[in-house]
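Order of writing sets the labels: A, B, C, D, E, F, G and H. Residues in every chain begin at 1.
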Amino acid sequence: MAFEPVTRDGETEFARIDHHRSLRTGFPEVIWGPGKTPEQIGQIMQVMRDRHPVVMATRIDPEVYLQLDELLPGLVYYRSARICATAIPPIEPEYPGTIGVVCAGTADLPVAEEAAVTAELCGFRVQRLWDVGVAGIHRLLANRHILMESDVLIVVAGMEGALPSVVAGLVEAPAIAVPTSIGYGASFNGLAALLGMLNSCAAGLGVVNIDNGFGAAMLAAKILRTRNQVA
Amino acid sequence: MAFEPVTRDGETEFARIDHHRSLRTGFPEVIWGPGKTPEQIGQIMQVMRDRHPVVMATRIDPEVYLQLDELLPGLVYYRSARICATAIPPIEPEYPGTIGVVCAGTADLPVAEEAAVTAELCGFRVQRLWDVGVAGIHRLLANRHILMESDVLIVVAGMEGALPSVVAGLVEAPAIAVPTSIGYGASFNGLAALLGMLNSCAAGLGVVNIDNGFGAAMLAAKILRTRNQVA
Amino acid sequence: MAFEPVTRDGETEFARIDHHRSLRTGFPEVIWGPGKTPEQIGQIMQVMRDRHPVVMATRIDPEVYLQLDELLPGLVYYRSARICATAIPPIEPEYPGTIGVVCAGTADLPVAEEAAVTAELCGFRVQRLWDVGVAGIHRLLANRHILMESDVLIVVAGMEGALPSVVAGLVEAPAIAVPTSIGYGASFNGLAALLGMLNSCAAGLGVVNIDNGFGAAMLAAKILRTRNQVA
Amino acid sequence: MAFEPVTRDGETEFARIDHHRSLRTGFPEVIWGPGKTPEQIGQIMQVMRDRHPVVMATRIDPEVYLQLDELLPGLVYYRSARICATAIPPIEPEYPGTIGVVCAGTADLPVAEEAAVTAELCGFRVQRLWDVGVAGIHRLLANRHILMESDVLIVVAGMEGALPSVVAGLVEAPAIAVPTSIGYGASFNGLAALLGMLNSCAAGLGVVNIDNGFGAAMLAAKILRTRNQVA
Amino acid sequence: MAFEPVTRDGETEFARIDHHRSLRTGFPEVIWGPGKTPEQIGQIMQVMRDRHPVVMATRIDPEVYLQLDELLPGLVYYRSARICATAIPPIEPEYPGTIGVVCAGTADLPVAEEAAVTAELCGFRVQRLWDVGVAGIHRLLANRHILMESDVLIVVAGMEGALPSVVAGLVEAPAIAVPTSIGYGASFNGLAALLGMLNSCAAGLGVVNIDNGFGAAMLAAKILRTRNQVA
Amino acid sequence: MAFEPVTRDGETEFARIDHHRSLRTGFPEVIWGPGKTPEQIGQIMQVMRDRHPVVMATRIDPEVYLQLDELLPGLVYYRSARICATAIPPIEPEYPGTIGVVCAGTADLPVAEEAAVTAELCGFRVQRLWDVGVAGIHRLLANRHILMESDVLIVVAGMEGALPSVVAGLVEAPAIAVPTSIGYGASFNGLAALLGMLNSCAAGLGVVNIDNGFGAAMLAAKILRTRNQVA
Amino acid sequence: MAFEPVTRDGETEFARIDHHRSLRTGFPEVIWGPGKTPEQIGQIMQVMRDRHPVVMATRIDPEVYLQLDELLPGLVYYRSARICATAIPPIEPEYPGTIGVVCAGTADLPVAEEAAVTAELCGFRVQRLWDVGVAGIHRLLANRHILMESDVLIVVAGMEGALPSVVAGLVEAPAIAVPTSIGYGASFNGLAALLGMLNSCAAGLGVVNIDNGFGAAMLAAKILRTRNQVA
Amino acid sequence: MAFEPVTRDGETEFARIDHHRSLRTGFPEVIWGPGKTPEQIGQIMQVMRDRHPVVMATRIDPEVYLQLDELLPGLVYYRSARICATAIPPIEPEYPGTIGVVCAGTADLPVAEEAAVTAELCGFRVQRLWDVGVAGIHRLLANRHILMESDVLIVVAGMEGALPSVVAGLVEAPAIAVPTSIGYGASFNGLAALLGMLNSCAAGLGVVNIDNGFGAAMLAAKILRTRNQVA
């Protein structure tokens, strides 16, 4: 058997890997899990851990975590969020502020938790509001105070994706909409929710990719960092 | 110049035309306007008027109405609804009942009026509730009593099409969702609203084609006819 | 190994779970199975069973039922419908009425049975008419009397989804169309059937999401409840 | 003003033009109208008329015909079919046989007539059956004898496109399905009808492009030519 | 454990099953395999075998065949075609004629064989021409005589689906195009091939659903039956 | 001629009109132009002008402006932005801050100007950077200081929509991506740019609907308002 | 009337305009016509003409040319190609080489001519081969020598877009495929041709956007420039 | 058990197999792996190895390689590229030249390596530049000299697919864009990247199918062969 020498693309790959998911100042180093072996993730986390107080990896399945835990003892695993990190919130905030994470259905929880845990690992306080879908609007209205306490809102919904429009109409804070792939049939893996959010009649709603809880948290974090830097 | 003899397909065409949009008992005769000349519409309405108390034509533009009015004096034109009819509501009800027509934005009005006027020409009482989009949920909630008074609800919305989910969660009556082509960009001519309504998390919502206010009113009318026949 | 404390989102999750699939008066409590463990489904059913005469869970695979049966002895499993319930029809009707469920092909049976069993668990009489696809129209016509006896019709079809148009043209009762994901190639997982039903030339047809037999039964149930409440 | 010399691509263009829509033996020469000036169409028809007994041009609007009629007196214009030809049916048949053309709605007539007139100009007997959409199935069944008399059937339908499935289930002859762009909203310019026909549960249905009445007639003509050549 | 009584929908299901894939006179009885258990397929084949000389089942995987073979000894399995039948060609022809089956790439073979074996089980002579894709046009031209000997042509191609246009331009016989799901990326599971065939510049090409070799053979069989009945 | 009485839906329509595009505190009142007559827009602007210092209408074509100017003298028209307003920037800032508006091609200017003028009418300082598409990356890099001076960035691009990824990688400020419908062929009216932005590898990018410059400015305004309120 | 001062974005716009369609050495300066007024195009051409021997503008309609000709006498207009230029080929070649432009149907000519004239204005010799669609393969084969004489091939086709696969299989030179928007129905404005070309079974085919004859010529020009620079 | 005789389509299949992926002179013989058994691939490689110095098979999974290695000892396996070959680069160049392969993210590596290894097996020198996505544009600019040394560039990117536009704007060499299926949600398996590349504002970019690294290398190889043959 003659395998190709792994060194050819190995070195350069390693030197440049994963920096494009990190934000330059004041936030965790981040590794995107898909397409990497547990060994690769472990090695990268180890190198990063020496240089940053908080390192996190996203889209980590439980079995991968079990392997990572053997390689790098002391990691914390956020099961719903599928995030593996080197630290446990609360984390000393560099930029104060509260991020509200609102979620339509229980099936949307993993995406909402990815957003919430990412925000917490960035040092922000997080307000969670789960299972307040628009078909039972009273539950959302009964918890309106939670929305009001947040400086930025992340609204997560699958199926028809209507929740962000309602929430953005209730608050003055900027809102970020996250469609999820939850649904079946004509949901087309989240396309229905995505289109709904892009066409929201609520002015001033920013949309991220389907299931991208991480990206929503990053946008929220940048918004609050900007606020703190300037003020 | 040698044109084809018009008689070849003319007769059969006329004999069978437009009966497939009529309901057999107790409702108006209906003509679908698109693809017919004013002369054709006028001739069909004249023939039908001799046999039915109420005849109506849908998707009639103002200029077409002006030509129809010359051919068949005494017609009534519902400008927003783009409906032309031989009668003015209130019409003696054959089957009692109230149909609520709810509309998200002012641009959705033509479709909502097509539903409302059709329902009135079928002899039902209609409750209109306009411009209660989900981004300002308080307006909808402030008018909740109107929803409660209706036996069937028709909910019309373009853009993200979220209103039917909210309405269906507030009432016990069956609800019919009508997506409209209002919107731009990623609305894809009503596709976003259509998908949103099909994926509604509210159980028991029937959806009709984009901009099909007429079809929604027909379904509501059939529901109330059934109720009256059986009870 | 350091897992996140499960209590954080556990409690709120449980308190609000699954009420959005229930109808407020006179119908079963319903649990949507996908995305829940058998333990979760069992716990929720147990809590609900104490408060409601009929509790049902949808989209339950046989293996899940076997686990549920151990946790909560006495459950009934409707294999074709993939429904698990705490009661067996006939159920004392709160609102009388007959729902006809019509099905194009044998492969559409699970969706049709989901509709039929849901309707029965709501206390309605159900008329089944299976395998009467439009390519053999005589079979449908030979059973026309079954259609005539129904107060509401649910018409289930995959592939080209043409059956609802034909049925709605034969009866006066309101009809609900359910596209299924049955087919291959250009069926695009039910999109062809869905589009066909939305474009039906039969006036007054309400369409639900692909494979959503449950939603169709809920709409039918709401129609008949309305009828009975008013009359 | 310096225009490019038209001779550069003019000659070759002319020499090769339009032969790809003609069938080699026993059928008319055909010109596809779109994208050509009346002068170009007139010139080509003149050249062809000297060599063939029947020359026809498709997709000709009335104004174009008026210009053609001045250039080439004696042409016949089939208004519904939008075909302009050098001959009037009945044409001496080279290959005997009857082609049935069936049409769902009156708005589908232009496409159906394009098929019917093309078939007649090929020398076949044509049976027309108009406005027999599936929502009023009795009209189709009442005319079943017309279907039985045809050797090949062309079935034209827009909206949900369900008619070909029903027709193909009633007859033994091969059937060709033509979706039309008639409809609105979720018809997506004929896509719904096209998908419906491709997914037909009736075995042995050949589908052509949206609005392609001409292509359907050509396939029917080839089928009957084959029959006659061999027998 | 309380399972639903299987008799409820069992009987009707069986009585009506699978007749919609059969053609009424002179062709095999056909069972569509997907969604049926080996036991069900076996029972249906057994019942049919008593009444028809040729019974066939399509889309049968090898493991299913092995189970069928135990239940009903003597069945023949066409591995590439994934067809299981009660007879081996050559079968006494009821309607003479040759069907040419042409195939672009080796990966398209299963669909092409489904067409070829179906045609043979209908009693027709089949001419196979494999692996003559348009990127090596000389191979097709070198075998042009095979095309010329066929009364009807079935042309099977995936990827860009260009072969039917070329073949239909070379012959006078009617041609049926079968797109396959072979390809990757922008083939979108056969959509590219399907659209290519529907837009063919060759006049008179009938298209069937993606991977529907069986349907193409049925259309070819109907064409040749018509020819023989009439002549 | 008998038109419907306009009062029926007129009053309610007027009372509720257009409030859903306004933000509650500190920003202009906004009218969405499409679907309204110049008279309607003029009346609404007049009413609003009495109560608010800044009123603006979006998507106003030049001919509509000319009519508005006669009805309501003193309006200002922003031709590229297609905005009509009652005030001219600079407007006394309620919330200080700079919004950078970056634009890929000259054809994207109307959308970029809609964003820029809206931001200016909200009282923010705007930095414009035009025609810095990614195919000439040096122009963007040469103007990097403009990006650095902005607290929020709005990045407008059609065609492949790649500019937001590059910009978001260069700055720390939050970025809002606006796809435009500029392009042809496989741009599918902005779909290509929209998908590109949603899939950006730059973390923390919020996307709005195609051509929605107004919505992007509203999101930027909310971000800066939040910043100022809290600090 | 108060229009916005045009100077605000005017200057920067002008300074940066249109350089992104030019290639840096040895090729014409190019202006993309759409979205610019004749005055703007004329001004830019005038400025560029002073600095470059060859200036060209693409997508210029005849009426625009007539206005340009008055502003800038001496321009040449290529009517089919819709190109307006300051020079007439043959142009002194900087890089020798022959580009073959092959075209499936006469309706594809404008796109093919855009490619051919662009290539000629770059100084290359162009071989034209028109109307050699795959449904009449003999015409292509009869002109095979023209293909063989070309160093690079540009193959233009609409409808099913099959020609590039056939051509690329006949020659050794690299081939560039240009889908056109010619077609109707399921061509979806060129999508069918685009997908066909991307899925070509011929190895080594580069595809450009729908109707992008200019882009294909640019790629061909870069290929030949590279050849000449290196050799 | 009665299986069909394998000889019927076996022989022809084998004689014609796989020649359509080979280029006629000076390049390796190529086998496309998918849809073939290891035995079939092994047999074909063996036959080809006797006639050609370099034989390669693409899309070979590791387990398939292990089986191939037993059948045909001495094969080389390029794990990232999933290519199995009979030779190891450097290979004696028939046509000199350097192909640059540029890659946006580490997840795109398999496609980029398929291109790179194919190019090396064709005898070209390959310059690799990995992980230079547009969100960190400085990394690309820092390696600009690598781009400048290449005669042809292959640019591989998933997600938003923006890298080819930037690269093509930096170099004079022709560029080939390869979209990959890397991404999630609205990437739609590479559709977003594909559309982005087709709409590139950089003139002269050729696009191949999603994940088609092999095809890109073949186009690059043809470009350099042409250069060398002519010069």
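Here, a residue touches a chain if its C-beta (ideal position, glycine included) is under 8 Å from a C-beta of that chain, and two chains touch if they have at least 3 such contacts.
Computed from a prediction, not measured in an experiment: that's the story for all the values here.
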Given chain D and chain G, the chains that contact each of them: E
Minimum number of chain-to-chain touching steps separating chain B from chain F: 1
Winner on C-beta contact pairs when B-D is weighed against E-G: E-G
Gap in Å, rounded to a whole number, between the CA centres of chain H and chain G: 28
Chain centre separation in whole Å, for chain G relative to chain F (CA means): 35
Between chain C and chain G, centroid-to-centroid distance (C-alpha), Å: 57
Sequence positions of chain C contacting 2 or more other chains: 20, 105, 133, 135-136, 169, 185-187, 191, 194, 198-199, 201-203, 209-210
Interchain contacts (touch definition) - all pairs: A-B, A-C, A-F, A-H, B-C, B-D, B-F, C-D, C-E, D-E, D-G, E-G, E-H, F-G, F-H, G-H
Partner chain B, residues of chain A touching it in the complex: 104-105, 133-137, 141, 159-162, 165-166, 168-170, 183, 185-188, 191-193, 195-203
Chain E-touching residues of chain C, taken from the complex the two chains share: 66, 69, 74-81, 88, 105-107, 109, 113, 128, 130-133, 135-136, 139, 182, 184-187
Residues of chain H touching chain G in the complex: 20-21, 23-25, 30, 97, 151-152, 169, 172-174, 176, 194, 198-199, 201-210, 214-215, 218-219, 221-223, 225-231
Chain A contact footprint on chain C (complex, rising order): 1-4, 6, 8-9, 12-13, 16-20, 34-36, 179, 181, 189-191, 194, 209-212
